[in-house]
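Paired with chain B in one complex and with chain C in the other, chain A is shared by the two complexes that follow.
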Partner chain A sequence: MTASQIIFYILAVFILSTAVLSVTTRKIFRSAIWLLFSLIGIAGLYFFLQVEFIAAVQIIVYAGGIVVLLIFSIFLTQQSGKEMAKAPIVRTIASLLTVVFGFALTWLLIWQHGFQKINKDFDWSVSAIGTRMMGTGKGGFALPFEAMSMLLLAAMIGCIVIAIKTPSPSTKKDKPNTTT
Partner chain B sequence: MLSFENISNAIHNWLYHSFSPTTALWLEFVLVAVCVISLFSFLGLVLILMERKVSAWMQVRLGPNRVGPKGMFQTVADTLKLIVKESMTPDGADKLLFNLAPFIVMIIAMMLMAPFMFARGFQIWDINIGVLFFTAVSSISVIGILMAGWASNNKYSLLGAMRSGAQIVSYELSAGLSILCIIVLTGSLRISDIIASQENGWWIFKGHIPVIIAFVTFIIAVTAETNRAPFDMAEAESELTAGFHTEYSGMKFALFFLAEYINIFIVCALGATLFLGGWMPLHVGHWQGFNHIMDYIPSSIWFFGKTFFLVFVIMWFRWTFPRLRIDQLLNLEWKYLLPISMVNLLLVTLMAILGWHF
Partner chain C sequence: MERTGGGGMIPLSHLLFVSTALFFIGMYGLFTRRNMITMLMSIELLLNSVNINFVVFNKYLYPEKLDGIFFTIFIIAIAAAEAAVAIAIIINLYRSHQSIDVNDAEDMKY
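And now, the complex of A and B:
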């Protein structure tokens, strides 16, 4: 085995074992932390492939964004420090079956697709990614990019609408009393 | 001439000359690790002593003055004390996460050292996404704090961690936007390119008022991100005892304390790199004689001088401004800094497109 293969297997074992731990642990906060390690392992895989931009985006979006959100929502739930009850045997078997069939399906798809090795350098510089992303010609992704940004904008406006404080007439009346 | 670049190149050549490439690479890893760890411990000692001396100076008192000449070895003595103290783990704490948290905070601070250029041609990893690497990795450090606050099984710690999390997540935005201003002007994320673009003048001078606004925003945002006063809501001794590290003692506490100061150094180094030209000496237009004299000062002294000047500014804030309330803190970010830096980014983009900068 070459050194790069050893590094790959170490990363793969790290990702898979932390992923398994994140679904088997019975403390919900630990589950989030194992998920974080798994995601960072995937970022490590990207660094190993020398696609540094994707690796950094993986860390910003998943580790720095989604896991922090998850942790915040765990903090706000009740009794999240307690150990959860053991899952019933039926649920364990069902999830095991799901894992087996899901793995079989994925493996089958990859097997049938038969990936081909392309001996071509690919341009992974940030400026190349930016040009493709905003390009309107052939191979440009301007339309999907804009569609995604509209989706995110809608989500943001939705959040603001949910979180906005509507000043009700009763609180307005109380205000002079509380401040004095 | 003896410089960091020559020394590192000589070591590199000697290693590759006398060992096989793989062994040489491993030896270089070990060397870099030793260098980073010794820099860390040195910086920790110096910065904490500096903080105490600066605060004493601001409050017209002497500060530490018993251990060693002028109290120089005070922090060494403090560190020795912390090492011999017992590291307690409270009953009812999540043992694994409680013990893991200080190391996560520390490892992230160490990883952040990688893209910096400490002197001319003296850098650990000239990664092509340099600044983005910095923003990405520093976004994980909040998880270390949240972990510490949660695993301590203490209400104060949890509150401190929540505040700290909200603060770091929100101030990351305006820090990121002000960093983007410089990236727009430079057109590259690589730290060496950013420094090279400042050869004929630092961005803070070349970029007119928008870059100065970005610089001020950056300094405010990183002061908040490192949980420093006047934004030290996460620690707020008077209401939360010590925030997320209330339950920590001994060496684990020392790691948190050290990481806080190292983070100050790191963000100041980033500020010096982006706005004040990294290791580039101060050059003024056509003053040939002046420029030549400035070139004689070694590049490492320029870099560390600028960084320590920014560190001093941040310490100055701490001993000058009163602490903000949590709602004032979030208002400042979301209602003032974020809109200002967004408009500012547009201005800088316009400036870069029209070529109005020098």
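And now, the complex of A and C:
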């Protein structure tokens, strides 16, 4: 067992245990923080696989963007420190069974397929990725890139439209508080 | 550039074990949680496991191509857009219902 393998197994245990804690803890803020740890662990896995660009994007977008957004929305909508309601025991057992059997089936398929590693080096530099992304020729990704920019624009406009306060008379409806 | 190690000794199936386990952990969260923000977190876990799969397949099986890397980049962009829109919807729902529990949002069905 080399040091590289030991690092990989430590990373794997870290990612999976923090992910389990993230979906099982009953305090929502802790859940977000465990998710942050899991995402950072995945970025570490990308660094381990030497795809540094994806690792950097993972840290910037997920840890820097999405988790901060989630924490903001938790602060806006949740009383901090309040525990979430426990799921009914039937649902917990049913979903546990579904997940365990689904995992067993998928893992069996992967195990029986037995992927063969190609003995070639994966050494793409970041500049090669950038050239490919803007390329219009064979293997270029300019069209999906443009489609993605349209999607981001649409998402931005959609967020503004959803979040804008409409000065309609229905804002003073005085709905009864339905929280339990 | 000389690149040694870097997961070279790790079998592909062990990396796929991590991504598969992560996928089903996220699925468990999606099934058991009823709070919309935590469900969104579970969806992020699912998307991340798919990202790991794309990167690992690209690196191990098709090292002369870059398609998996680009799919990962686009999935991350879509996940960011999706999280932004979903959080806008959730906060709007909180303004009208004072709750972000999916059971309390049931009356939107009719």
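Things worth noting here:
Criterion: the second predicted complex is superposed on the first by the 145 of 180 C-alpha atoms of A that agree within 3 Å, B and C clash if a C-alpha of one lies under 4 Å from a C-alpha of the other, contacts with A are read in each partner's own complex, and residues count from 1 in each chain.
FYI, a contact is a pair of C-beta atoms (placed from the backbone, for glycine too) under 8 Å apart; a residue touches a chain by one contact, two chains touch by 3 or more.
Note that the coordinates shown come from a computational prediction; the quantities given were computed from them, not determined experimentally.
When the shared chain is aligned, chain B comes close enough to touch A:27, but chain C does not. Using the contact criterion defined above for the overlaid structures, shared-chain residue A:75 touches chain B, although it does not reach chain C.
Counting the residues of chain A that each partner touches, chain B and chain C differ, and the larger count belongs to C. In the superposition on chain A, A:53 makes contact with both chain B and chain C. By the touch criterion defined above, A:64 reaches chain B but does not reach chain C. Shared contact residues of chain A, touching chain B in one structure and chain C in the other: 53, 57, 65, 72, 125.
Taken together, the chain B residues at the contact with chain A in this complex read 22, 94, 96-97, 127-129, 132-133, 135-137, 139-140, 142-143, 146-147, 150-151, 153, 158, 162, 165, 169, 172, 187, 189. Residue ranges of chain A in contact with chain C, taken from their complex: 2, 4-5, 8, 12, 15-16, 19-20, 22-24, 28, 31-32, 35, 38-39, 42, 45-46, 48-51, 53-54, 57-58, 61-62, 65-66, 69-70, 72-74, 76-78, 84-85, 87, 91-92, 94-96, 98-100, 102-103, 106-107, 110-111, 114-115, 117-118, 120-125, 128-129, 132-133, 139, 141, 144, 148, 151-152, 155-156, 158-159, 162-163, 175, 177-179. Across the interface of their complex, chain A is touched by residues 1, 3, 5-18, 20-29, 31-35, 37-38, 40-42, 44-45, 48, 51-52, 55-56, 58-66, 69-70, 72-74, 76-85, 87-92, 94, 96-101, 104 of chain C. Within the complex formed with chain B, the chain A residues making contact are 3, 27, 29-30, 33, 36, 40, 52-53, 55-57, 59-60, 63-65, 67-68, 71-72, 75, 81, 125-127.
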